[in-house]
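Look for chain A in each of the two complexes below; its partner is chain B in the first and chain C in the second.
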Partner chain A sequence: MGVPLDQLLIQTINGIVTGMILALVSSGLTLIFGIMDVVNFAHGELLMLGAYVGVLTLAATGNFWLALLSAGLLIGLLGAAIYLVTLRPLIDRGPLTTILATFGISLVLQNVALWQFGPVSRKVAEPIGGHFTLFYLDYPWYRIVVALLSAAIIGGFWLFLKFGTWGIWIRATTQDRVMAQAMGIPVPWVLTGVFAIGSAMAAASGVLFGPLSGVDPTMGLGWILRAFIVVVVGGMGSLGGSIAAAILVSLLEAYASLWVSPSQAIIVSFVVLIVTLLFRPTGLFVAAPK
Partner chain B sequence: MSSGAGAAFIGTGTAVARVGEDARAADLLAVDRLHTYYGKSHILHGVSLSVGRGEVVGLLGRNGVGKSTTLKAIAGIVHPSAGEVRFEGRPITGLPPHRVARLGIGYVPEDRRIFPLLTVLENLRVGLDRRGVAKAKKALLLDKIYAYFPVLAERRHQAGGTLSGGEQQMLAIARAMMLEPKIILLDEPTEGLMPRMVSQIREIIEALRGEGVAVLLVEQNVPLTLEASRRIYFIEKGEVRHHALGSQLHVGDAVIHQYLGV
Partner chain C sequence: MRRGHGTVFWTGFAVIVALLIAAPLVLTEFWRRFVTEILIWGLLAMSSDILIGYTGMVSFGHSAFFGLGMYGAAAALLTIDPPNLWLALFYGLVAAAAVAACVAYFSTRLRDIYFAITTLIFSQIFYVIIFTWTAVTGGENGLAFERPPLAIPGLFDFVLTPTRLHWFVLAVVAGSYLILRRITQSPFGMVLQSIRENEARTRAIGYAVERYKIVAVMLSGLFAGLAGVLYALQNQFAAPDFVFFLVSGETVIYNVIGGIGTLVGPIVGAAFFLLLREGLSRFLTQYYLIPLGAVFIAIVILMPQGLLGFMRRWLNE
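Then we have the complex of A and B:
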C-alpha cells in the first residue's frame, strides 16, 4: 500500500506542528522534574487554565498577544503559589507524596474549571486567519504560526538557561541542589521560579492550542499523558531530550494516522514508550543543557 | 618519645585554655557545644572550637568521628539539634546554607561536588554572580583566580565534569573563593591526589592565609596539616579531645598516634 508523497509531506508538517506544542508542554514538565524531582500531575490543568485565561482575555480585548502574555503571567503566578503552599513543605518527602499532592491539585483545578466555565467546549477563532494551498489542502497559516511561536518560546527559554545568571543558577541547582545552596544560590527561590516558568510554559501552550481543539475543562488530560510519554522517552529531566522526543512521537503518530484513525495512532506513542522502558529506561536522548 | 617531642606535648587542659584564649581575641568563627544526629545516631557530641581571622586551623581525627559533619553543620547543610555557631559574633545556627555562604563562609566538600555539566567559568560564576558585585570587581576576581590557577583559565569553557581530580579540587577551591569568603571550610582537599598536587594544595592554603582568609582544614594527611595549621583540634567520637599548636606537634608524637593511629 503505497502512500502518495503529498500525504506524507502533509503529515510531516502536521507532526512537526503538534510536536512543537508537545515540546513546549513537556519542557515545563521535564524542567520541574529535573530540578526538584517532582512529577507534576497538575501540569495539564495549568495548560487548561492558561487556555481559559487566553479565551477570556481574547474575548475582552481581542488581542492575541495580550492573551498569550496574560495567561503566561497569571498561570505563572498560580504555579508559584501552588508550589509555595503545597509542594515546598513536601519536597523532601519522596515521590509518592508529591505525586499524590499534584494529582489532588489537578482534580481541584479541573473541577474549579468545570464549575466556573461549564463542561461545554468553547470554540476559539484562529487569531491569525488565512490559508495557503498545500497540494489539495487549504492549510491554515495559524498552525505554522503555532509551531514557530512554540519554537520561539522554547528557544528563548534555552537562551535564558544558557546565558543568564538565573539560567546558571537553575542548571547548578538541577545538578546538585545542596552544593548550589552552599555556594550562595537562593535555592528556595530558584525552585519557586522554575515552577512558575514551567507553569507559564504550560499556559502558553494552552493558549496556542486552544483555537485548534477548542477549550474545555478536560483538555489537559490528553496532553499530560503524551507529555509524560515524551518526558520518559526523552530522558527525565533532559530538556533537549524532551524536545527531540516530542517531535519523534508526534511524527510517528502523524504517519501512523495515514493508515489508522488518529485516535488509534496514539498506540504508536505507547509502543515507543514501552520499547524505551524495555531497552533504554534512562531515555533515548541525552542532551545538554540539563 | 624524644625529649623534644615531650616538650612539644601540651596537656589537654592547659592547652585548650591557653591556645583558646589566644584565639578569642579576634574570633571569626566560634562553634559552641554542637550536637547533631543522623537519623537516630548521635554524630556530634558537643563539639566546640574557634577560628580566628586569617587563621588556619586543622581538624584531625579518624574516619567517621564527625569532622565532615562539623563542617556541614557550620555551613548550614546539617542542622544541629543543640549548640550554637557564631560568625563574627552573630549566631548563624539554623540559617539556610545560601545565607551562610553569603555571609562569607566558603565550603569545599570532600568529594568536590563540581557542577559537572557547567563549564569551568559557569562554575565560578555560581559564586560570583551576586548582588552588589560590580562588573569590574568580577573581572578582577576572575583574573586573580586565573593567575593562581592558570589551568582553570585554559579550560574555562570546558565542562567541569571533564576535569581531572586535581583540577576539580582547584576549581572547588576557586569556586568558593568567588564568594570572597572570610573563611573556607576545606574538607580533605588532598584525598586521592597525586603527591605533586598535594604540595600545590599546601601552597594554596598558604596563599589563602596570605590573603587574610581563614581556613578550617579537615585532613587525613598529618604532615600537611601540622605544617599548614597554626592550631589543631583532635576529634574523637564526636568531641574535641585535644587541642595544640601546630608548631609544637610532630608526626611521631604519641598524641598523633592516640587519635589517628589504627
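Then we have the complex of A and C:
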C-alpha cells in the first residue's frame, strides 16, 4: 500500500489537468441544463467534432490558436443550428424528450464523423513542446498549458456571465424564463446563444484534449459519461459545483489508477455518483435543499 | 362492446402467432434468423416499456439486464455438464434479477433524468466490470458455447435446430407478452400508470410509491434478462458489447419509434428499426445510423406517440 510521495504528487497534477478539461466540458452541459432543462447527450459528440476541426485547422495552418478559435466558432454555429432545428420545438415537452432527441443527434454526429474521418485514431503533435523535470519524469509543459487555458476559458466565461449584457440575460433567463421575457429579454435568442456557447466550450476542450489522447469518432462517449457524473455530483445547473466536482472526480480517478488500471479507475467516479445520489441527490456543492 | 374488443384482440393475436409459427417454414435461413432476432429485441423493448410507457421512468440501463441474462446463460452452459436449457434460463434470470434488484434499490429514489442517468451509469459499471474481469468473462472476446438440447427428462429430447429455436423464442415472447399485458391491466399495473400520471397524488392516496417502482424495475429487468438468455441461445455467445449503453439507447429508440405504453408498439418499433437498418446497410454499409438517427429524431419531434399511436389517430379520423 505504501505509495511514494512523488507518485502521489504526479497523480495530483494529472488529476488537476484532466479535471480542468472535464470542468470545461461540464460547464457547457450544466449551463444548458440549468437554463432550459435540456440534458444534452450530444455534448460529447460536439467535443469530438471540435477536436476534428482543431486537427484539420492545425494541419492546414499549423497555428494552434487559430485551431482553437475556428473549432469554437464552427461548433458554436453547429450547436446553434442543432438547437434551432431539433430542440426548439421540444423545449416545453420536458427533459426526457430532449434526452431522446439529443441521443439521436449524438448517433448521427458520431457516424458522420466515422464516415468522414474513418475509425482510426489521429495522433496530434503537442502544439507547445518542451518538458520539465518532475522527479524522475519528463513532464510535458503542454499539460500545464491545457489546465491554465481551460481555467482561463472558464474564468472568462464566468466574467461574461457576471458582467456582460448577454451574461446577465442568461442568468435572468435561468432564474425565471417568463419574467425575463416580460422584461424584454429576447429569450429565444438567449437560449440559442447558450446552446452555441456550450457547444463552443465543448469544442474548445476537444481541441485542448486532442493532443493528449488522439482524436477518434468515439472519444465523445467517454467524456459524456464523465461529464454527466460531474454535472450530477456538482448539482445540476450549478457552474461552480460542476467545476469543483470535475476536479474532485478526476483527482479520485487519478489516485485510484495508482492501484488499478485506468479503465477500472472510472468505477471510482461511478461510486462517487451513486453515493452522492443516495445522500445528497441535489449535488454535493450546492446549498442543501430545505 | 368490451366483449367484442376481446374477440378482436384474441383473433389478431392468434393470426399473428400463426404467421410467426409458419414463418421459418417459408422464409430463407437469413430471414428466419432476422425474424427470431426481431422477436428477441422486441421482448427487450417490451420489458423496458413497463418502465417508460407505464411507469413514466426512462431507463437507459436495460443493456445491463440484457447482458447479465446473456452471461448468466453462458455461465450455466459452460460450467454444468451436460448443458441444460432450463438451467441456462434459470441462471440468466437470477443474474438479471440480482442486478435489477441492485439497480432498482438505488435508482428508484430518483426521478426523471436523474433516474435515466443513474440507470445509465449502473449499466456502465457492469460493462467495465465485465470488460476488465477477463479471467471470468473472457473480457473483450466474450464467451462462446454450444446450444443445449430442448429437453424435459422422460418426456422429450430435441436437438435445438434454428427452426425449433425460433418456435421456442416465439413461445417465450408470446407468453411474456400475455403475462405483461395481464400485469399492466392488473391493479398493480393501474398503480404504475397512476405513478406516471401523478406521482405526488398516488403517494397521497396511500400507495407506497417507492415499493411499486422497485417492483416495476425488477419486473422489467427480469424480462430484459429473459431476452438476453434468448439472444445468447440464438447467437451462442455472450459479449461485453451487449452490456454497453448503446444497446440501452437502441431499446429506448424501439420504444419511441413504435409507441410507448402499448407493449406491442416496442415490438413494431424493433421490427421497423431492424428492417430499416437492414435495408439501409445494403447500400450504406456501416453508416446506416446516419439516416436512421435522423428518422428517430423526426419521430421524436413529429410523432411523440410513435408509429402505433400515429396510426391509431390516423385510423380514428
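In this section, the second predicted complex is superposed on the first by the 286 of 290 C-alpha atoms of A that agree within 3 Å, B and C clash if a C-alpha of one lies under 4 Å from a C-alpha of the other, contacts with A are read in each partner's own complex, and residues count from 1 in each chain.
Here is the rule we go by: a residue touches a chain if its C-beta (ideal position, glycine included) is under 8 Å from a C-beta of that chain, and two chains touch if they have at least 3 such contacts.
As the structure is a computational prediction, the values presented were derived from the model and not from experiment.
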- Query: Does the chain A-based superposition show chain B and chain C clashing or fitting?
  - Reply: fit
- Have a look at where A:62 lands relative to chain B and chain C in the superposition and call it first, second, both or neither. neither
- Message: A:107 in the overlay: touching chain B, chain C, both, or neither? Say first, second, both or neither.
- Response: second
- Task: Determine, under the contact definition given at the top, whether A:175 touches first (chain B), second (chain C), both, or neither.
- Result: first
- Query: With the two structures laid over each other on chain A, which partner does A:156 touch: chain B (first), chain C (second), both, or neither?
  - Reply: neither
- Message: Under the stated touch criterion, name the partner, chain B or chain C, that contacts more residues in chain A.
- Response: C
- Message: For the superposed arrangement, I'd like the angle with vertex at the C-alpha centre of chain A and ends at chain B and chain C, nearest 10 degrees.
- Response: 90
- Task: Using the touch definition from the top, say if A:4 reaches chain B (first), chain C (second), both or neither.
- Result: neither
- Query: On the overlay, how many Å separate the closest CA atoms of chain B and chain C?
  - Reply: 15
- Task: Under the touch definition given earlier, write down the residues of chain B that touch chain A in their complex.
- Result: 75-77, 96-98, 100-102, 107, 109, 113, 115-118, 122-123, 125-127, 129-130, 175-176, 179
- chain A-facing residues of chain C, complex: 58, 60, 106, 109-110, 112-114, 116-118, 120-122, 124-125, 128-129, 131-132, 245, 249, 252-253, 256, 286-287, 289-290, 292-294, 296-297, 300-301, 304
- Query: Contact residues on chain A for chain B in the complex?
  - Reply: 165, 168-169, 171-172, 175-176, 178-188, 288-290
- Within the complex, which stretch of chain A touches chain C? 39, 86, 89-90, 93-97, 99-101, 103-105, 107-108, 110-112, 114-115, 225, 228-229, 232, 261, 263-264, 266-267, 270, 273-274, 277-278, 281
